[in-house]
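So, here come the structures, one by one.
Each of the next two complexes has chain A plus one more chain, namely chain B in the first and chain C in the second.
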Partner chain A sequence: MKHDYIDKYSRLESPVHSIEPRAKALALFALIVICVSTPPEAWWCFVVYAGIVFIVATASRVPASHIISRALVVFPFILIVALVTPFTKEGMTILELGFLKVSKEGLITVWNVSVKSLISIIALILLSSTTPFPDLMRALERLKVPSFFTTVASFMYRYVFIIVDEAERMKRARDSRNFRGRWIWQAKTIGQMIASLFIRSHMRGERVYQAMCSRGFEGTFPRYHDRKMKSADVVFLTLITLTAVSARISLLW
Partner chain B sequence: MEIISLKSEIAIRVENLSYVYPDGTLALQEINLTVRKGESVALMGPNGAGKSTLTLHLNGILKGKGRVEIHGLEVNKQNIRKIRRLVGLVFQDPDDQLFSSTVKEDVAFGPLNMGISPDLVEFSVKRALEWVGMSGSEDRSPHHLSLGEKKRVSIATVLAMEPEILVLDEPGANLDPRGRREISELIKTLKGTKLVVTHDLDMAAQICDRAVILLSGRIIADGPIRDILSDSALLSRAGLI
Partner chain C sequence: MHIPDGFLDPKNSIVTYVASTGTLGYALYKAREELDEKKIPILGITAAFIFAAQMLNFPVAGGTSGHFLGAVLAMVLLGPFSGFLVMSVVLLVQCLFFADGGLTALGANIFNMGIIGGFLSYYLLILAKKALSRFGERRSLLFSSAFFAWFSVVVASAACSIELAFSGTVPFKVVFPAMVGVHSIIGIGEALITTVVVAIVLQLRPDLVASFTGAPSLPYAGEGVS
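Let's look at the complex of A and B:
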C-alpha cells in the first residue's frame, strides 16, 4: 500500500526548506503563541500573522491544495463552535431567528476560534511539510523537548503505516468471511480485531527492541551530523518573530 | 598452549544450553554446538523447533541455562558489548530490524552505538550499503522499500558494525524465487563465520557447508551439508520435505 506521509513535500527545495529546523520550529511556534494571545478585536494583527504565513507558504513552494486539504482537519471543531456559541453566549443580541438569538459576543468567539486555529494549523503544516520528520524531531530534541516525546513520535512515524497495513489485512480477511458492516451487531468482532491488533503491535515492539539491543542499543539514541544555525536562519527567525511581536505589542499603546 | 590455540579457532561454542519460555514451553534442551571460525552453518528445522530462540542466545538477548561462548568470551553482562559487536544478528522481519525514518539512520545506528566517530560512521554506512547493493538509498524511508530491498538494508545495518559472526534468521522468508536467489548470492559473498537459519534446502546448499537440524528444541543431526541433504528420512522427520 502507498501511504501519504505527514512530511510529504518536506524534501522539496526552497528557501523555506533550507532553513535550519530549529530556527523554523522556533519562529513558527513563536508566531502561534503570539497569535493565540492576541485579543480577537485586534483584527489587523491577524492580517499581519496571516500575511507572514502566506509569505512563508508561497516561498515554500508547497502546493496550496496540500496545505488547504491538511488544514481541513480543524473545520469540524470550528463548525461545532460556529453552530453553538452564537446562540448560547450571553450578550448583545444583533439578530433574531425565531426563538434563537444571535449575540455579538458569540460571533466574536467564533471569529476568535476560527482565525487562531487556522493560522496555527497552517503554521504547523508549513513546519511539517518543509522539514523532514527526523530532522524536525532532532530539532525539537536540541530545543530541549524531552527525548521521550520525540522518540515516541519517531516510532509512531515509522510504524503507524505498518499497523495500518496490518489492520487493513485483518479487515480484508474479515470481509472475505462475509462480515457485514452493521457495526452495532459486529461490535464483538471489531473489539477482537482491536485486541489482536494491540497484541501484534506489542509483540512487534518487543522484537524491535531486541533488534535494537542486538546492535548495541543501551537506552539513549546516538546522533550525528547536526546542523549549525547560519545567518540566514537567524534572519528568518528574527524577521518572523519581530514582525509578529511588533504587531502584538502595538496593541499596548 | 594447545588449548588456547584450539580455542581461538572456535567462533561459537554452546554447552548444555536449555531454555524455558516464561509460559513454561521448553524451547531448547541441552544444546551442544561448536562452530569454527569461517564456517557457514545452516540451522534447519520445522517451525517452532527453537531455531530463532537459539540465535537470540548467541548475543545475549535471551539467557538460558548452560554456557555460550563467542570467540572464547562467555556471553554475560560484562562481555555483552564486545559480544554484540562480534555477533551480527539479522532478524527475520525487516520491519523489526529497520525502525528509523531513513535507511541511513538505520545503518548508522549500530556503529554510532559502538561509539565510532561520525566521519567514520558516514564511511561505514556507505560501504555497508555498497556491499548489499543498495548504494544511493541513504535518504529513502524503509517503509517505501520493497521486501527484497528491506532485507538487503537489514543485512547492511549489521554489516556496518563489521561483525565476525553473521547470524541470519530466515533471510529468504517471503521472497520470490529470484529474490531468494539474489539474497543467497549476496550472503555467499560476505566474509566471516555465518549461521543461517532457513527452511530453504536450496539456499542452505548454496550458502553453507554444514547443516545442523533442530527438532523440538534438540539437535538431531549435525554434519556436512551434502550428507544431511541426501538423508531424506531425516529431512522428512524434520518437516523439511
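Let's look at the complex of A and C:
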C-alpha cells in the first residue's frame, strides 16, 4: 500500500489544489448542506449544484476514473431504494406492471436520494483528493474542531498504511494456507488475525508513544506555517456559496 | 450501514447530529480525565487498527459479505469513552476521505454505530457481566462480549433503518426486517470475532483490556524497554 492511499491525488497541482483548505472545506460543506436541504421537485437547483461540482472537478485535474470509482460506494444504497421504494411507497399510481404499482412519490424519492447522494459524494471526493490529509486536519482545527480529533486522526493517517500492510501480509499468509472464506464460522480465523493485529498495533503504539515522549511530545503537533486566506480563496468560497445559496433561495419566490 | 448524504431528511440529520455532538463533547471531557493527553499516539494507532480490521471482510451466506464493526470491541479494550472517540475518528475519516457515509449523515452514523451500537451495548454488556459474575471474571466477560457484540450490530442496523424509514426513504415494513435480518447474521461474525479477540488479548496482554478487572497481570516481556 502506498502512503498516499488515503488522500490520493491530493498533491497534484491545479487551481483547486492551491485553494486554502479552510475555504475549500467550507465551500464544499456548504454546497453539500444546501444540496441536501433542497426539495426534490426543484430540479434546476440540482443542475446548478451539479454544474458547480463539474467545474471544480474539471479544474482540479483529478482523473475522472478515480472520482467515479470512489463514488461507486453509494450505488448499492441507491439500488436498494430504487428496487424497493417505487413499488411500496403509497401515493399516486402512474404505472402498473402486472401486480406491481409504481407510485409517483416513490419515483420522486429515488430521484431525491440518487441526485443528492451523488452530488454530495463527488463534492467530498473532490475535497479529499485536492487537499492533503494533514492540511485538511489543520483546516478543521482552525475551524474549531477539537484538536483531540485532528491529532488522533493525524496519527491514524501516519500509521494506517503500515497496519493495513500488516493486515494484508496476514491475509496473504492465511490464503496461502488454503483458507477458503465460505462460511461465517471461519470468522474465528479472522478473530485470531484481528487479535494479533491489535496486539501488534498496540505495541507499536506504545513504542511510538515512548519515542515521541523522549523527544518532547506535548500532545499536539507543532505548526510552523499556517496559510492565510488570499483573495483567490475568498473568491472561491463566496462564488460557490453564493451560487448555491441563490439557486436555493430562488425557490422561495 | 454507513448512511450516505441525501438519504436522511433534515429533521433526522439534525436530531442525530445534536445527540452525537453532545455525546462527543461529554466523552472528550471524560476521556481527558481518565487519559493523559500524551497517550494520543496510542489512540491514533488503535484507530488505524480498527480501520484495518474493517477491511478484513468475512463472507456471509448467499454471496454477500459483512465487515467487522468493532464498536463493542473498541470499548471493551479501550474503555467506553476512549473507544467511542476512536470509533468517531474512524467514522470521520471514512466520511471525509472515503466518502463512506455522508457529511450530513455523519451525526446519524456516529449515533448508530457509536452511541446505540457502542455505549448502549457496552453498558448492557457491563450489566450482564455483573449478573454473570459467579462464572468468573474471564468467562462472564467473554459471554457478555459475545452476546452484546451481536446485539450491537443488530441494534445499530435497527436504528439505521428507523432513521431511513422516518425520512421517508424506504418504507419501514420493508427496510426494518431486511436490515435487521441481514445484520443478525452478520452479527454472528461480529460476535465470534469480538470474543476471539478479547479471549486472545486477555491471554496475552490482560493489561490492555480496560473492562477486565480480574487479577493484576504479570509484567509482560518488553515493558518499558521495547
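Please note the rule applied: the second predicted complex is superposed on the first by the 240 of 253 C-alpha atoms of A that agree within 3 Å, B and C clash if a C-alpha of one lies under 4 Å from a C-alpha of the other, contacts with A are read in each partner's own complex, and residues count from 1 in each chain.
One rule holds in what follows: contacts are C-beta pairs under 8 Å (C-beta built on N, C-alpha and C of every residue); 3 or more make two chains touch, one makes a residue touch a chain.
Please read all numbers here as calculations on a predicted model, not as lab measurements.
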| item | value |
| --- | --- |
| Superposed model, chain A: greater residue contact from chain B or chain C | C |
| Touching partner for A:Arg223 - first (chain B), second (chain C), both, neither | first |
| Chain B versus chain C as contact partner of A:Ser103, first or second or both or neither | neither |
| Which of chain B and chain C A:Phe155 touches, first, second, both or neither | both |
| Touched partner set for A:Ser60, first chain B, second chain C, both or neither | neither |
| Partner chain in contact with A:Thr241 - chain B first, chain C second, else both or neither | neither |
| First (chain B), second (chain C), both or neither touched by A:Ile32 | second |
| First, second, both or neither for A:Thr130, with chain B first and chain C second | neither |
| Partner chain in contact with A:Val115 - chain B first, chain C second, else both or neither | second |
| Footprint overlap on chain A, comparing chain B with chain C | 133, 154-155, 157-159, 162, 204, 207-208, 210, 212-213, 217-218 |
| Contact set on chain A toward chain B in their complex | 3, 5, 11, 132-134, 154-155, 157-159, 161-162, 204, 207-208, 210-218, 222-225 |
| Complex contacts: residues of chain C adjacent to chain A | 3-7, 10, 13, 28, 31, 37-49, 51-53, 55-56, 58-61, 68, 77, 85-86, 88-90, 92-93, 95-100, 102-104, 168-171, 173-175, 185, 188-189, 192-197, 199-201, 204-205, 208, 222, 226 |
| Residues of chain A that touch chain C when the two form their complex | 6-7, 29, 32-33, 35-37, 70-71, 73-74, 77, 80-81, 84-85, 88-89, 109, 112-117, 120-121, 124-125, 127-128, 133, 136, 146, 148-149, 151-160, 162-164, 166-167, 171, 181-188, 190-199, 201-210, 212-213, 217-219 |
| Touching residues on chain B, where the partner in the complex is chain A | 56, 59, 61, 81, 84-85, 87-89, 91, 93, 95-97, 99-102, 105, 108-110, 112-114, 118, 121-122, 139, 141-143, 157-158, 161 |
